[in-house]
Each structure stands twice: as structure tokens, then as C-alpha cells.
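Read the structure below first, then the notes.
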Amino acid sequence: MQIAQVRGTVVSTCKTPSMTGVKLLLLQFIDAEGQALPDYEVAGDLVGAGINEWVLVSRGSAARIESGYQERPLDAMVVGIIDTITLANRQIYSKKDEYRAGNQ
Amino acid sequence: MQIAQVRGTVVSTCKTPSMTGVKLLLLQFIDAEGQALPDYEVAGDLVGAGINEWVLVSRGSAARIESGYQERPLDAMVVGIIDTITLANRQIYSKKDEYRAGNQ
Amino acid sequence: MQIAQVRGTVVSTCKTPSMTGVKLLLLQFIDAEGQALPDYEVAGDLVGAGINEWVLVSRGSAARIESGYQERPLDAMVVGIIDTITLANRQIYSKKDEYRAGNQ
Amino acid sequence: MQIAQVRGTVVSTCKTPSMTGVKLLLLQFIDAEGQALPDYEVAGDLVGAGINEWVLVSRGSAARIESGYQERPLDAMVVGIIDTITLANRQIYSKKDEYRAGNQ
Amino acid sequence: MQIAQVRGTVVSTCKTPSMTGVKLLLLQFIDAEGQALPDYEVAGDLVGAGINEWVLVSRGSAARIESGYQERPLDAMVVGIIDTITLANRQIYSKKDEYRAGNQ
């Protein structure tokens, strides 16, 4: 999976019927130092992620594993909201503190 | 999924029979700031997208999820026409306005 | 799918038996302006494409969709020979004319 | 597969239920000379890999092959801890020696 | 498929049981001009390829198509040893001659 930050939403009215009811988030990828990358992904959302939250995104056929999504043409899905990222004994991200020790 | 703009069409007469009846669009990828990228994709079309429209494209096995496409050797498919892209509270693309606030 | 030009062939005698009888083409990818890219792919061929022809190549599990190829370890397949590529109202490639208007 | 070094862990409390019980490792990719690359992956762990160990990571649907993981939306999995990497007759990595001859 | 040269081997004792008995080769990718690229892949081997041989590698689910490999978490597999690569009428690689005409 990749780490990404929720930046916004994408709305599509004219779509294939199997996409109905899927909330589409615009995600910006984050590198392992916590810096924003230029790359993005539009993904479905399994967990109700909100703007600015850091999430885990699975790509490829993993996006269609969950019950109810197997027949939808998705290739990316938010599967979890990140609480903490810890490198060795140093925490570089904590949702609770909105604090990244690596970037002080 | 990625965001792309419909730039044109590709026609192939001599093709594997399972590709018969699939309209092939030439898509140019768009970055999260609304700028055109050099990368492109030739994709099938589930939604009747027209020239210059912004669309969502799914890649990989997602392109063969829809009924009628499971036996066709496609690896990219247009699954929706984009109405709006909103970052936090700022709309960066609206099909209705043909307006990208981020590029004024 | 990506656009590629047939540049040559690859021959392998010592191979897994399931690859027997698959003609392997060396393809060079072409960008959306019709220029050759440094990237290449070795792909199976469903359509009898010849040297210098422009083709559509599908990658991933799409390469094993066709009857007779489902048990072969292929990850790329030529699925059609391109006749024309048209951007908006401008034709940038026509097999018939061997002419790329965009590069005059 | 790619070679990667275990750098840390990622914790997610709010996640899709099928991700429950999967330990998530933050991996940094290593190039064929043994140098760290900027790219990373968050992967599940089948083998109990520890911080700083070099591991093999499989991506895509390979991450869901093992019994117990087929219904989880994972796209990357640690499948082995590396003991040695040998180029021709030169050993460039040995877990036992924590020694990389190529970087002396 | 991609063209790669066998550079060495990777040994893993602590691995998921389904990986037992799979020989793992370290492959270096080769570009269409026959030059070594920085990218590598660790792949299973279906054909008994030896050091320095040029091989074809399939990636993704193609690595698990062969009987006996469907339940192993592999994402790359050597499927053939290359005898010759021919561009139009010019041979750029021949295993027999260990000769690359393009690089004289």
C-alpha cells in the first residue's frame, strides 16, 4: 500500500451504473519522509476518510476485494486511516498530535 | 483511477475479434493541478465521453469488470465523465463552467 | 492500451512449454505525438503484425484473455494493428498514407 | 519481487474489518547495489520480519495468495527474509555478517 | 515481457512455506539497445537460466500461471532464455555468438 493524504473529492454524474454509490476521494501521495509527492490517485473509500487525513491506499485488484465492490471497475481504494507511522523508535506521524517529528 | 482528458480516437480494423465494437479513446493524463501530463492511454469507453471532456480512467483488470467486457483484452477503461473536482473547499474543475479556478 | 511500433522479434528455444507457438515481437512505445520512446516491451501477437506497423498493446492479465492463451505466462499482447490516430479533427497517423501530419 | 529493508511500522485503527490482524511494515526499497532508494511500500508481513532486516516483497495480487489473506485488500506482502544476495561469485549481502562487500 | 540478464541469486531461509523450492534469480533489466538498466527484479525460474544469460521475464499474475506455481506469492518469473533478438534485419543479440552487433 501507499501512504496518501485526502485532498478532495471527485464527482461524476455520467458514469457506468456499477460506480453508483461509490464516494471518490482525490488522494495525494506522501513519501516516507512525510513530504507530499506530485502523484495523485482517485480512489474509492471504505472507511469514511476526511479531508487532510493520512490514509492507506491499495491499488489494482485489491480495490475490488471487499464485499459489494467486486463488480465495480475500481483500481484504487482507501482501506484504512493512519494513526501512527513509526521508523525504528522515532514516530514520524501521529494523527492525534497532528505532528511530524521528522519535519520539525 | 486517474484523471484524463479525451483527446481523440484510435481506429484498428485488423484486431483480435474480441475487440470488435469497442470504441477506443486516446486519453491524455491530467495532474492534480489540472495540467496536462505527457503520458497517455488508449482506453475503452463505457460512458460515451466526447472530445475534451475530463474523465476517470481505471486500469488493469478493472477494465474488464463490466458485463460484456470480461472476455476482451482491455487494460484501460473510461468509467465516468467528471463533473467537478474539489480540493478542500476550492473547486479546481467544473464541467459546467469549463472553468479551472486553480489556473486563473 | 499503449501505442507501439513493431521493431523486431525475440527467439527463445529454451522456454517453459506453455510458451511454445507464441510469436514474440519486440515493440517500441510511441508517445501521443508519434515520437519513439526509449521504453520497449516483448509481447505476444494475436494479429500478425509486421515490422514497422503501429499496434495496440495490452499489458497485465489482459494478455491472457484470449482463448488459447489463458495458461501461458504472458504479460503483454498485441491486440490490434492501428489504422488511424485522430486528435480532435487532426489525423496524426494513418497506416494507409504512412504519414504523420503532426511531424511534417 | 523487490528487495527492501524494514524501516518501521504503520498503525491504523479505523480500517476496513478485513484488515484486522495484519501487521503493516514500512519498507524502503534497496537497489541491486545495496543502496537505499527513495521509494517505499507499506506491506503485510507473512514471516515476522524485524527492523533493519532485508526482505523480499511481492506486489499486486501475489499479496493475497496465502491462505487467510485472499479476502484482504492488500497489494504488497513480505514473503521472505533475505539471507544472502550473491552476484556471480561475489556476495553483496549477508544477513549473518551484516556485511555488504560491495560497499566497503 | 522484459529482457533481463541473470546477475546472481537470492537466498531466503525464513520465508512463507509456499516459497519453498523456488530458485530466486537476481535479474538486471536490459534496454532495447542491449544496455544494462539500473532496475532489477528478483524472479522465480522456470527454465534453469544461468549467470549472464539473457532471459524473458513476465511480471504480475503471469508469474503464477504455470502448474505448481499458482499458490506461491510470486510476482515475477523467468519464462525463457533468449537465443536471438533481431531488429528489422539486424541481429542485436545472439546467445550462440555472445555477440551484440549493435554495440561493436
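Going in written order, the chains are labelled A, B, C, D and E, and every chain counts its residues from 1.
Operating definition for what follows: contacts are C-beta pairs under 8 Å (C-beta built on N, C-alpha and C of every residue); 3 or more make two chains touch, one makes a residue touch a chain.
Chain-to-protein mapping (UniProt): A, B, C, D, E = Carboxysome shell vertex protein CcmL.
The shown structure was predicted, so the numbers you read here are calculated from the model rather than taken from an experiment.
Touch-path distance (fewest steps) from chain B to chain E is 2. Once the centre of each chain is set as its mean CA position, chain A and chain D turn out to be 21 Å apart. Averaged Cα coordinates give chain A a centre that lies 34 Å from the centre of chain E. Shared contact sites, meaning residues of chain A that touch two or more other chains, fall at 60-61, 63. Viewed as a contact network, the protein chains form a single closed ring in which every chain touches exactly two others. With the ring opened at chain D and read toward chain E, the chains come in the order D, E, C, B, A.
Within the complex formed with chain E, the residues of chain D that make contact are 1-3, 31-32, 46-48, 56, 58-63, 65-66, 77, 79-88, 92. Chain C contributes residues 7-16, 18-19, 24, 26, 28, 38, 40-43, 51-52, 60-61, 63-64, 71-76 to its touches with chain E in the complex.
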